[in-house]
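To keep things simple, chains are lettered A, B and C as they appear, and every chain counts its residues starting from 1.
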Amino acid sequence: MTADATDRISLADRDTATPDYDDAFDAVVVGAGLAGSTAALTMAKNGLDVLIVERGRFPGAKNVFGGVLYTPTLRELVDVESAPLERYIAERRFGMLTDDDETAVSLSPGEWHEPPHNDSYTVRRGAFDEWLADRAVDAGATLVCRTTVTDLLREGDRIVGVETDRPDGTVRAPYVVLAEGGNSLVSEGADLKDRERRENVAVGVKEVLEFPERDHAIEDRFRVSGDAGASYHYFGEGAVGDAFGGGFVYTNEDTVSVGLAYRLSDAATSQPDPEGTLDAFKSHPAVAPLLRGARTVEYTAKTIPEGGAEAIPQLVHDGAVLVGDTAGLVLNNGLHLEGTNMAVESGFHAGKAVADAADRGRTDADALAGYREALESSFVVRNLDRYEWLIERVQEDRQLLFEELPRAVADAGSEYFRMDRAPKDDHAETAKRELLQAVGGYTGAAKLAVRYRNLL
Amino acid sequence: MSRAEKAGAVDTDAYSDVWVFVEVHDGDVMTVSWELLGEARGLAEDLGEDLVALVIGEDVDDVGREAVERGADRALVADDPVFEPYRADPYGEQFRALVEDRHPAIVLIGGTHTGRDFAGRVAVPAHAGLTADCTELGVDDDGLLEARRPAFGGNVLATIVCEDHRPQMATIRPGVFSAADPDPDRDGQIERVDPVVDERDTVSEVRERVVGDTADITEADRIVAVGAGCDGDLGPARELADALDAELAASRKAVDEGWVDGSRQVGQTGKTVRPELYVAVGISGAVQHVEGMNDSDAVVAVNDDPNAPIFEHADYGVVGDLFEVCPALVERLREDGLVDAADAEPEVKP
Amino acid sequence: MTDDPTIVVGVKQVPDDDEVRIDPDTGHLDRASAPAVLNPPDRDALEAALGLRDAAGGTVVAVTMGPPTATDVLEEAVAMGCDDAALITDRAFAGSDTWPTSLTLAAAAESLGADVFVCGEETTDSSTGQVPPGIAAHLGWAQLTYVEGLEPEFDDDRLVARRDVEGGYEIVAADLPVVVAVAYGEFEPRPAGLHRKLYAETEFEPLELSADEIGLDDEEVGIDASPTEVGGMETVEPVERERETVDTAEELADALADAGVVG
C-alpha cells in the first residue's frame, strides 16, 4: 500500500477528557418509567437540566403493568396519538366467576369508539416507555441506561445527589425524583419510606399470548374491528379463589395480555402459587375459549403497592420527592386497576413543584410541598381515599364476596332461566330464595348494601 | 459487454491446479488436512487438473509421501527449522512465494487456528479472494470454485465465487469432509522447495508451546454434549456418555465457563460433527450450536425448558431435569441390555 | 523502545444476536428484527487494549469502518475508557469484502501511527476472522491471533501473548508494530464509568475520516477491489426431525430402542 504517502493524523488537538457532571444537572430522576419520564419531561419543558438514570437496557425493559393506560394527563403533555398504542378500549366487561360459572356485565358506550376513546388504551411498556423517555430527551433531558442508582448522597438530612453501580458513579444534583417503581430499594435504603407491609403489597402475574395459526384472532374472539379493543376484568373464586384481587384479559394489537393481581398476604396462605393460579384462571370455562390456540410469548411478575391512601409514604423531603409506584400510588379494588395514570399525574405535579422550587433557589421540603398539595387535591389521592375503607371491609367479608355471592348469583341466574315444565313463578321464587339465603335474608342484603354503598 | 476491471484482477488462464495445505505440528498432521485432500481429489478431477499438497514444517518428508498416498498428485515440501514451531510470518511468506511462483487456481486450507491465522497473509499480497469457514465446495461449468458457507444464522447457504482473481482461496471447517484413506500404491512426485524465509527476517518468536492430547470429537459415532443447563456439574452427562460409549462434547457456553476443553466445542465457532447419535444435555439449541450437529443421524434433547429451541431440532426430547433424566436413562438402558454394563471406571476424560 | 504507544482498536456494529428472536416456527434467528450493537468480541478487544494502556501507558483510539450510525459503537468504546475514536466512512467503501476492509483499517492504523492494532477474534455476523490477518498482511506487520492474555515488553519493542491453539496454548513474542486478534470471552470487559459514559453519549464527537484522508484511492476499496462475490444464496431445507417428546427417561430408552438407535 501507499504507506509513505500517508499523512499522519494527529489527535493531539482534540480534547476528549471526561468532564465533571456534579451539579451540572438541576435534577436527577431515578427510573425512566411513566412517573420518571413524565417528571423529567415536565422539568425539561420548564427549562431545567435533567438526568434520567435507568437500570434497564432501555426504558420500559423492566417495566410491567396490567395492560391498560389511561391518558388524560399524558394528553396534556405529549401527542398521545403518535405514541405506540395497541388498541383503544371499546368494551369493558366485568365477570364474577365461580369454579365453573360466569356472571358478567358488559359496557360498550358508542362514544368510546370516537377519539379520545375515553383516554383508555392498551400499550406494551417496552415500546411506550421508550417513546415517552424519548419525548423527555427531545425536550432536553439526558438519559443514561444500564445504570442502577444504589443510594442517595446526603449532606446532613439534605439529599444532594445519587450513587450508582458504575465506577466513578456518584453524581450530585440539587433535586432527586425517586421513580423507582414498586421495588423501591433506594428510597427504603435511604429511610425515606418503610418497607411495604405484606398486606399492603399485591402480587401481579401476567402472560402475553399470541395466536400463531390464526389471522384476526383478536377481532374474532373479542368481536372488535379496526383499532378497537376490550378490557375484561374478573373476580371471585374462579379467578383468584378467596384472595383479594382479580384477573384480567386485555387485547393488544395482535396479542392478548392475561393476568392476575392479588394481595401478597393471600398469596402466602390461600394462593401460594401465582403461576398455578394463573394457569387455572386461563383454563376457566369463561376464559379458555378466548385463548384457544394461543401460545405464551412472555411471562412477567411484579409486586404492586396496594396499601391505599394510608400507606402513602412521606412524599416530600429536603432535596427529593417520591412519585409513582414508589409513592404507593396504585388503586386496585377489583373494579378499578389503575397505577399508570397515577404515576403520570404524580410525575407531572412533582416536576412542576421541582421547577418552582428551582426558580426560588430552594431545595427544602417546604419549598417542594406544592407537589404533595397538588397530588392531594388531584384524583390520585382522592380516589385512594375513597376506596381506603374497601380493603378492610372486604377482608372481613371475603368468603361471602368471593365464594358465596358469585355462587349464589350464578345459581340464581341458572334457576331463574331454567327451561323445564314448571311455571316461571316457581323459578323466580327459588332464585330469589337462593340469593337471599346467601346474603342473609333481606336484612342481610340491606346490610351488605349499606356496607358497600360506596363501592361504585 | 465488458465489466470494469477490478483492482488486482489477473489473467485466470495462467492459473491451474488445486492446492491443499497440509498442517503439521511436531510431526503430527491435523486431520482436517486429510479431509481436505479427500474432497479436493474430486475437485481436481472435475477440473482435469493436478492436486498438489503443500507441506511446510521440519523433517516432514514422510508427510509429503503420505499426502500422495492420500490422493495428491504431487507434494511440495518446504522443510526447514524456521518452520517449526508454526509462526504466521514465515508460513505466510513461504506460501505466498510459492503461490506467486506456481500460480495455483485454487488453494484450500483447513480452518484451524493455524489456517485461519496465516491464510490472509497469502491472500492479501496475491489480491486473492478468500472465503472462510466453508462447509461445501464445488466447481461450476466454467471451472470456477464455488465456496459455500452458512450465512444469516445458518438457514441460508451463501455461494462465494472469485471470477477475476487468483488463487481462489478457502478455509474449510474441520469435520465437514471425510478423511481420505491412504493408498500405499499411489505414486506421485515429491518436490523439495527452497525456503525463502530466513530466521533473521522473522518478526515473532514462540517462547513456549504447551499442547496435550486433543480430543477429536469429529470422528465419534456417538456424542453426549453438555450445555449451560448442566450448571458446572458434568457427572450425569459423563455417566451417560460412558454408558453409551460416546464422546463428550459441549456447547460454547460450557466451554466459555471452563467446564470442558475447547477441542470438544460443537458449533459455528467449534467443530462440525455427524455422529449416529447426538444427545444434547442442558443445551438450549441456539442456531450457532445446531449448525455444528444438524447432520447427526439421530438427535436426543434433554432440557427443563419446554420452549427451548433444541426440541425443534431433535428427534426425541424429554422435558425434565437432566439430573434426574440422565441417571434414569442410564439405568434403564443398562437394565434393558441396550448398552453394556458399567465399567469399573468411567473412561471419559475432560 | 516504545514510549507512549498508540493502541488502535478496530470495532464493528453488528445485529444483536442476543435480542434476536428465534422464530418458533422455523427455529432460526430472525436477524431482521435485531437492533444494532457493538460486536461482542470487540468488548474483549477493548478491554485488552485498555489493559495494555494500564500496564504501559499510551493512548487508545477506537476506529470503525461503517455508516454514520456506527458512531454508537464508538461512543461505547469511549465510554469504556478509550481516549478517542474515529469513524472511517466513505461511500467508496460500500460492498467491501475482507480484502479492502482490511486495507482500509490498515490505512487508518498507519495514519494514526498505531504501534498495536487490536481486534476482536471475529464478528458475530460474518465470522470469517480474516480482517486482522489481512491488516497485518497489508502492513507487513507481525500478528498474534486467538490471544488470551497480553504482556507488553515495550522497552524491547515487543508484545508477548498467550495464544490459544488446538489442545493447549503458546507463548508468542511479536515485534512491534503488531496486529492482535483477541479470543472471545477471555477478557473481563470493564464497566464504563458514569461520568465517562455521560460524556461519551452526550458530548463526544468522533473524528470522521474519508478514504482520501487515510491515503486511499476509490479504486483500492469497496466493491471494485473485492475479489469475492456472492454467487447465490439458497435457503437450507431444515433437517426433518421427528420432534417426538416423551415424559420419562424410561420412555426415551424405549423409543431409542425401537428406532434402533441403541441396542
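Criterion: a contact is a pair of C-beta atoms (placed from the backbone, for glycine too) under 8 Å apart; a residue touches a chain by one contact, two chains touch by 3 or more.
Quantities reported herein were computed from a predicted structural model and do not represent experimental measurements.
Annotation of chain B and chain C: not jointly contacted by any chain, touch as defined at the top. Comparing chain C-alpha centroids with the centroid of the full set of protein C-alpha atoms picks out C as the closest. Comparing mean CA positions across the assembly, the chain most remote from chain C is A.
Chain centres here are Cα averages; for chain B and chain C they lie 22 Å apart. Separating the centre of chain A from that of chain C, both taken as means of CA atoms, is a distance of 42 Å. If each chain is reduced to the centroid of its CA atoms, chain A and chain B end up 54 Å from each other.
Counting partners per residue, chain C has 24, 138, 220 as the residues that reach two or more other chains. Of all residues in chain B, none touches two or more other chains. If you check the complex, the residues on chain A that touch chain C are 1-3, 5-9, 11, 14, 16, 18-21, 51, 142, 144, 147, 164-171, 212, 295. By the touch criterion given at the top, residues 17, 20, 22, 24, 26-29, 31, 97-99, 102, 122, 127-130, 132-134, 136-138, 141-146, 160, 163-175, 178, 184-185, 219-220, 224-236, 238-239, 241-253, 255-257, 259, 261-263 of chain C touch chain B in their complex.
Within the complex formed with chain A, the residues of chain C that make contact are 24-25, 59, 61, 78, 83-84, 86, 103, 106-107, 110-113, 138-139, 190-199, 201-204, 207, 209, 213-216, 220.
Listed in rising order, the residues of chain B touching chain C in the complex are 4, 6-8, 30, 85, 87-89, 92, 112-114, 116-121, 123-125, 127-133, 146, 150-165, 203-214, 244, 256, 261-263, 268-269, 276-277, 285-288, 290, 294-295, 297-300, 307, 309, 311-320, 324-326, 328-329, 331-333, 336-339.
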